[in-house]
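Heads up, there are several structures right after this.
You will see chain A twice below: alongside chain B first, and alongside chain C after that.
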Partner chain A sequence: MKALMSLSALIGVAGLLLLGGMVLDIVPSTTIRLVEGYMPMQLLLEMGCFVLGFAGLSYILNAMGMAIPRFWQGIGFWVFFLLYLKYRVYPPIPFSVRAMYGTVSLVAVFMWVSANEEDWQKFKQPIMNVLDAQTGMNKLLRYAYLVLLPILIGGFSFNAMMPKSEEPIELRTVHPAPPASTKVHGKTYTLQTSQNPYRVNTEGKYDQEYTNANIVEQGMGRLMKPNANPWDETNQGYLKYVREGGEIFFQNCHFCHGDNLNGRGLHAFAFNPIPANFTDPGTIAQLQETFIFWRVAKGGIGLPNEGFPWASVMPPWEQHLTVDEIWKVILFEYWHTGYYPRTWD
Partner chain B sequence: MMDSITYKAGFMTAAAFGLFLGASFGSTVVSAQEMPEGFKKGDLAPPPSAEMIEAGKRVYFTKCVWCHGVDGAGDGPGADRLWPRPRNFNQGTFKIRHTASGELPLFDAKKPTDGQNDLFETVTHGLPGSAMPPWEGILTEEQRLQVLSFVTTELVKDREFTDKESETQTVLNLGALNPKEATEESIKRGAELVVEKKCVECHGMEGRGDGNAFNLKDDWGFSIQPADWHKCWNFRGSRQDPYNVRNIFRTFSTGVNGTPMPSFADNTTVDERWDIANFVNSLCERDSLGNPLPIDPLTDKPKINFVIPSDPVEGEIPTDIEAEAWAKAPKRIVAMGGQITHKPRNFVNRIDDIWVRSLYNEQHIVYLLEWDDRTKSVAEGRLPWEPTEVNIDVKEQDPKTGEEGSIASHQNNYTVYNDAIAIQTAVKWKELPAPIKPRYLFGTNEQFPVDIVKWEADGSLRAFLGTGWDKDFEERDNYEEDMKLLSAEWKNGRWYVMIQRPVGNNKDQDYDEDTFFEVGQYIPTVFFAWDGHNGDAGRKMAVSAFYYTFMNPPVPQETYIYPVVIAVGVVLLEGWVLTRRANKKKGKML
Partner chain C sequence: MGLLTGKRVFSIMALCMMVGLLLLPIVVALPSPAIGEEAPAVGDEAKKDGEKVEKGRDVYYKTEGIVVGAPAPKTTDGPKDYPRYNFESRVLIWFANQQHLYYGSFVLAVPIFCMIIEFMGVVTKDKALAKRYDQLAYDFIKISLTAYSLTAILGGILIFTFLTLYPAFFSYLSGIFRPVMHIYALMFVAESGTLYIYYYGWDKMREGFLKWIHLSMSVVLNIIGTLLMFLANSWIGFMMSPAGVDEQGRFLGNIWHVIHTALWNPLNLHRILGNMAFGGGVVAAYAAYKFLASKTDEDRAHYDWMGYIAMALGVAFLIPLPFAGYWLMREVYAYRQQMGITLMGGLLAWLFIIQATMIGILFLSTNYYLWQAMGRMRGAEKYQRYIKYLVFLLACGYIVFITPHTMVMSPAELKAMGGQQHPVLGNYGVMSAKNGGINVIITTTVLSFVWYMRGNKVSTVSWAKFGNIFMGVFFVCAYINIIWLAVYGYYIPANVRVGLSVPQVATTLSCLFFMFALNSVMMRGAKQMGPIEWGKISARSQYALIMLATAFTWMMGLMGYIRSSVRLFWHVNEIMRDNSPWAYTHTVGFAANMISANVLFFWISILFVFWLGSLTAKKVPVESKAGIPGSVPQPAASH
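And then the complex of A and B:
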């Protein structure tokens, strides 16, 4: 038990030091990388580690006779949580959202310290002591609070009332509902029934199983299967079209969507929000191939109202590419990210 | 002890080199050259294992082949539309190294140590300012070493990384050198040295890369341009740490292979090199307090704030850039990408950021726009289309590299048009129903148009109405007299343009064509920029995202009154709590 607690105390201290470093800008906030797509789980796990660490820490300090009073534990945890939200979570959360989380966690801390009468007494004891001011120290504190509180609160309200120019927050629907059908280069495609004509096996027959077996491997690096090199000259069917799609991608799309299809292309930094990240499990992995076909062909202009057209410079690719080229690019995107397109059934 | 050994070794090679020189010229023996200061002799790394090479091939054909090509000749499908172009590995010419000019870079498949493995660091951190991304977090360390094993053995064809006969390694001992503190004196000496060492001939008087930008070619005959010292986040060798003076010191000491940038190791002392590095580093853009700009880890470029604040001014808005009001006005960076949505597409945009400041008074709002442009361009050729025309017939696919008319052959070789800049604001931005917004490029339709103010280097300032990406602009001929060009100057590789336009008012104007600038509101604003020497004209341009012009309201009276009221309230509350507590206690005691 003791060893276990010491271990978690160690974790707690290490975590606190790391966070402290990030707050003071000594340790860059990217020291422990947040992996895209797994970030929420990672953050929850980290929080778990911290809570475990704190439990251990308070146990050890207790055993050493240096227990932290409940009052300071509560405040400490709340402050820790606020700092964690502000300095650890990336991309940064806007203040309004942090304020909401802060309030919720404050309530949670209150529930924790007032779980039973004894705890609550212990928690409010320091406050009462200051109010009663029976010792010299407390008297000093009381007068300090008397003067400081009005100044602080006045200052905060002054700050809040000063006109500010923070970026307005705009919500948008990432994947708006698609239409039933779309007309590209004079031909109408029904989204429910259309198929990618290049998702074919070596004999040229539509074959989902074959093509899914030849995409890149999931896992670090997302490398191609050893015997499925699209650059092999003898390829027929799927892999040949993957290569042709890649050629189109690297002449048209990578400027924004990036060499690794992660939305960090050459021009990406100029746009807001930055272009879609296909390696994120929340984009093409969740969508049908025909949805992508519609989005690629119609671009930002073709977005319905809820898609906030003004935030997208996605070209309507029907202006630049043929229908065949669009299908090939889509084929390549799924190959390169190692995702299967969603199907209707 | 260590030092004397390295010194000795250095002396021996230098002496051998001297003998060789003497023999080949058959003249007097050149006085024995020493190893350049700060360098030490290095050993060639052992060759990577066959398994590493084989595994690396798999990485290469998944990730790299698309730009670098099947044979590593820098001619993959992506290459035709990229500038700078992808590296041609065949000659073994690599830019960012710790080794002396002309030597192969450091690479050891078993040692991914910073400062001892140049190629590994390049793949890890990418080459900012080019299309090469950082592969850290995408490929594992092992995979990065594997792919480099493949590239250095199979794709570098003209040289041999393990050939002791022909290859040497003279390594910059950067780890053992301590940067000199960037004192005013050091920076001043650096400023003198860049003139003395002729750096300014290429990099320009202010270091904006505007020296003899048109005569420079790389080893493959492609046009290249000197670095702009004010954008350190675009330095190829910045290693995702752009304000670190060591990176500049390294590039300056070892040169950039394959380009006209030489190594200055032989004709500068280490001390002088630190001075120069400090000076170059001091030029990189900083915030108003002189601190480095925060870098966004998602893009490795400065973090962007999408609000452009405009401060109020009493009376006339100063036209002098040096005026105090301008010095105090907040300065914001606006990132620019190539316009690749509609034809003609601009894959190679030379303008990648603009610095914007703004001031307003009761009648007018003024934008001060500054951006680096290596060349002042005033139209020499006639535009093939009217500036208001957007629907023009252009050939979509540019010819391949090597053919006439390709992007590569066009670099520094376009018909010159006007440099230009435009500010686009949404008309009727207040009436836009919630989800509907004007289209980014030239507005949505007649119902929700945009107001475009465009300045061109021939001195013209014109106003247009945009009603959709596919509609020709309407020139608003009655509006020009309301606007004023306060100043426009090109100096040492940078444009300074000050444009004044009316803010309008609510009473005697309707806003069908014109944007009403209301104080305290977010007014959607987009910037367009054209570099005339890049063949930019019409829709071939650089674009920004939507920003907001925000005219800071003068501070209202209430801001000073209410906090005081609140503070007094808190004092009363405190008094109440204390009396209550005291009474309660008294009650208990009794």
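And then the complex of A and C:
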């Protein structure tokens, strides 16, 4: 048990040192890389390690007769978590999300330190000592709080009320709500029921499973399946349409959406927000093909009221592409990213 | 003996009358169901006159029917269709509707609690405990009686508000639902009659066979209440996902189609569970308030116990609530993709993040209360050191659950992030991760309950060690399975991913049922480390109960707003357009303020109801009321 706790304590100390280095800009935040594809779980596992690490550290210090008071344990862990979010995670997390996480962690710390009466008494003792002001030091602290707290609140109020020249925060939606049907080149498409006419099997029939089996493999990299290379001229049917879609993509779309479909094309950073990243599991992987069809055809300008609030400068591609070309380019996007379009069956 | 027989006869007659009241609206409505009251008449008349019968196609069922109703009015902004005070009519209707719903939910939920608690009292062998349960059920119904009058008053106010501010819409809706509106009114009469007989007959039917009759009355009462709610749900179901009408909104004669819309069943289930959880929360908050105001240890013990029972019942219905909500959302997506995306990924997505936050608060409060409650048991100290790990699991689940898909950020932050999605946290924003998050939270709540149930006990069965190891392994496997499925969800098609929620939920429910059952078996004849010292619970626990109830109330207001707002600029989706000046979606801030105002008003008014209840209580001495001469309240010896 002691060995386990000592090991945990080491992890705790290492975590503190690493984070301290990151805060002071001595250690880059990429020292322990966030590995693509595993980052969300890595983040949670790191936090789990720190919880165990601090539990071990507390145990060892306690055994050495140098116990940290519960009050400072609580405050310390909360501060650690806030700094972790700010300096460890990259790219930087927006303030609104850090504020949400900070509040949750504050509540969690409160739940921990007040879970039983004994801990709660330990935690609030320093606060009560200052309020009671039985010693000179506590008296001094009480007066200091009396002066500092109103100044602090005043400062926050002043800061909140002061006019700022920053661009305002705007809410937008990643997926604008689509209409029930859309009219493209004179034909009406019902979004709920329409199908991509090029998602077909060798017999020329609509076949989601067949086409899904021929898309690139997901994983650390993206690999084409054996015998499923669209650029093999002998391939017909679905793979041929993918190739044609790819040609359309590289003639029209890749300037913004990028060679790897990750939204980082040549012109991408002229826009804010940058174009959609199709390799992200939150974009096309969440949507029906007909949604993409509607979105490509109408662009940002043609979005209906239901789609508000949005921010998109994508042109309405129905003015430049035929219906068949739009369907083929969508086919290519799913093939290349290795995602399956959403279906309701 | 003669008197007893008389009482029996009277009770059976009362029960028969209740059943009669229950059947009355159905009997009255017999000519109208299924094919519509007037459909054949109009058709026959038309045939007689040799006129052409106009047929229409059902917008949802796609069946053909004879047009028997007028088309949905095409309203224009003006005093004819939208008469108004110098105020936003939508806000007024919002307020009236929400208050009616709060009270309606409360008075529908509390009788179900009474039924459960009264039943527990009847079947409990411990006579003292049985009396406690009976008294508790009586206290509950007493609170609900005053609230019932208020519900009716608020319902009246709601109808008048509709008639005066939205006459064209209300006229259309009442035209469509004409047969069921009368049934609704009659059901209300039946509910009132049943409730009064149930309440005033309590003392007369306290023992033996009569008690069973009384209990049966509560079953009838709850059947009527539930049917009443289902009917009211059909109106909002119709507004969201209309059926039984053609594209112009003309009624096609089949009232069942109008009622049984795409969203009716999921709405019914979600509301019934939501009402129960809400009712439990309100009663728990009442008990918490009384606990904090108590002057004696006896009162504290009583209200501590009452709070615990109400909380346990409320949470029992809270646990399946997210799954019912999931079903509702799935049906919404299946009905209209646009609606689903507006809700979960579009205009209203931020409100869903607030909703997730509130759900998290509910579960966190519940866990916190249970940990505090372990403080009143001797022997539960052994679990205290592990609570920090439960806190960690809850916090991680909560963080994932509330991470928004579309983050609020300034353009500068957006640029610094390098794209619309954060590469790390963006993954928490989609459903696969969120399912994992909420299931981890619920499983942890189940674990807290298991710890609470065995807090002051040590199992004495011969296989106790094996049982403990098995339970531990079961929970670890459950966590691994839930998290693994959440991660796996990223690598499979969306339609399969949606299906993954089933094994995740099954895992959580397995923990709930198997672990509770196993724990109960293990704790049979267990060695008690000490009694549960009712009343010796921290004040913080009671604030957690108040927090629980407030979060329920706020969340109900929020979800009602979201459900209603998803129609955007339609009174009846895709059938009747809202052409009032208020056919726009409010800002998140305005909606939040409005919901808070509704919550505040509800709590102030319900405090008044509680106060009225306490006036009655003061007139009756505690001893005679409880039926235990000279006794002070002694809550249950176990949980």
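Here is the rule we go by: the second predicted complex is superposed on the first by the 249 of 345 C-alpha atoms of A that agree within 3 Å, B and C clash if a C-alpha of one lies under 4 Å from a C-alpha of the other, contacts with A are read in each partner's own complex, and residues count from 1 in each chain.
One rule holds in what follows: a contact is a pair of C-beta atoms (placed from the backbone, for glycine too) under 8 Å apart; a residue touches a chain by one contact, two chains touch by 3 or more.
Quick caveat, the model's predicted, so the values are computed rather than measured.
Asker: Would you check which partner chain A:167 touches, where first means chain B only, second means chain C only, and both and neither mean what they say?
Answerer: A:167 contacts both chain B and chain C.
Asker: Looking at A:274, would you say it contacts chain B, chain C, both, or neither? Reply first, second, both or neither.
Answerer: both
Asker: Considering only touches as defined above, state whether A:89 meets chain B (first), chain C (second), both or neither.
Answerer: second
Asker: Between chain B (first) and chain C (second), which, if any, makes contact with A:254: first, second, both or neither?
Answerer: A:254 sits against chain B, while chain C stays out of touch.
Asker: Does the superposition put A:302 against chain B (first), chain C (second), both, or neither?
Answerer: neither
Asker: Check the residue A:320 against both partner chains and state whether it touches chain B (first), chain C (second), both, or neither.
Answerer: Touch status of A:320: first partner only.
Asker: For A:55, using the defined touch cut-off, is the partner it touches chain B, chain C, both, or neither? Pick first, second, both or neither.
Answerer: Touch partner of A:55: chain C, not chain B.
Asker: Touch check for A:107: first (chain B), second (chain C), both, or neither?
Answerer: A:107 sits against chain C, while chain B stays out of touch.
Asker: Which parts of chain A are in contact with chain B and also with chain C?
Answerer: Chain A residues touching both partners: 91, 166-168, 264, 272, 274, 305-306, 308-309.
Asker: For the complex, give me every residue of chain C touching chain A.
Answerer: 333-334, 336-339, 341-342, 345-347, 349-350, 357, 360, 364, 367-368, 371-372, 374-375, 381, 384, 387-389, 391-392, 394-396, 398-400, 402-430, 433, 483, 487, 490-495, 538, 540, 568-569, 574, 588
Asker: State the interface residues of chain A toward chain C in the complex, per the touch definition above.
Answerer: 34, 36, 39-41, 43-44, 47-48, 51, 55, 89, 91-97, 100-101, 104-105, 107-108, 111-112, 114-117, 119-120, 166-180, 191-192, 212, 218, 263-264, 272-274, 276-277, 280-283, 285-286, 288, 291, 305-309, 340-345
Asker: Per the contact definition, I'd like the list of chain B residues that touch chain A in the complex.
Answerer: 58-59, 61-63, 65-67, 70, 76-78, 80-81, 130-133, 135, 137-140, 143, 296-301, 304-307, 309, 335-338, 340-343, 345, 347, 349, 352, 396, 435-441, 444, 469, 520, 522, 524, 543-546, 548, 550, 552-553, 555-556, 558-560, 562-564, 566-568, 570-571, 574, 577-578, 581, 585
Asker: Along chain A, where are the residues that touch chain B in the complex?
Answerer: 29-30, 33, 35, 90-91, 128, 131-132, 145-146, 149-151, 153-155, 157-158, 161-163, 165-168, 216, 220-224, 226, 229-231, 246-252, 254-256, 258-260, 262, 264-272, 274, 299-301, 305-306, 308-315, 319-320, 336
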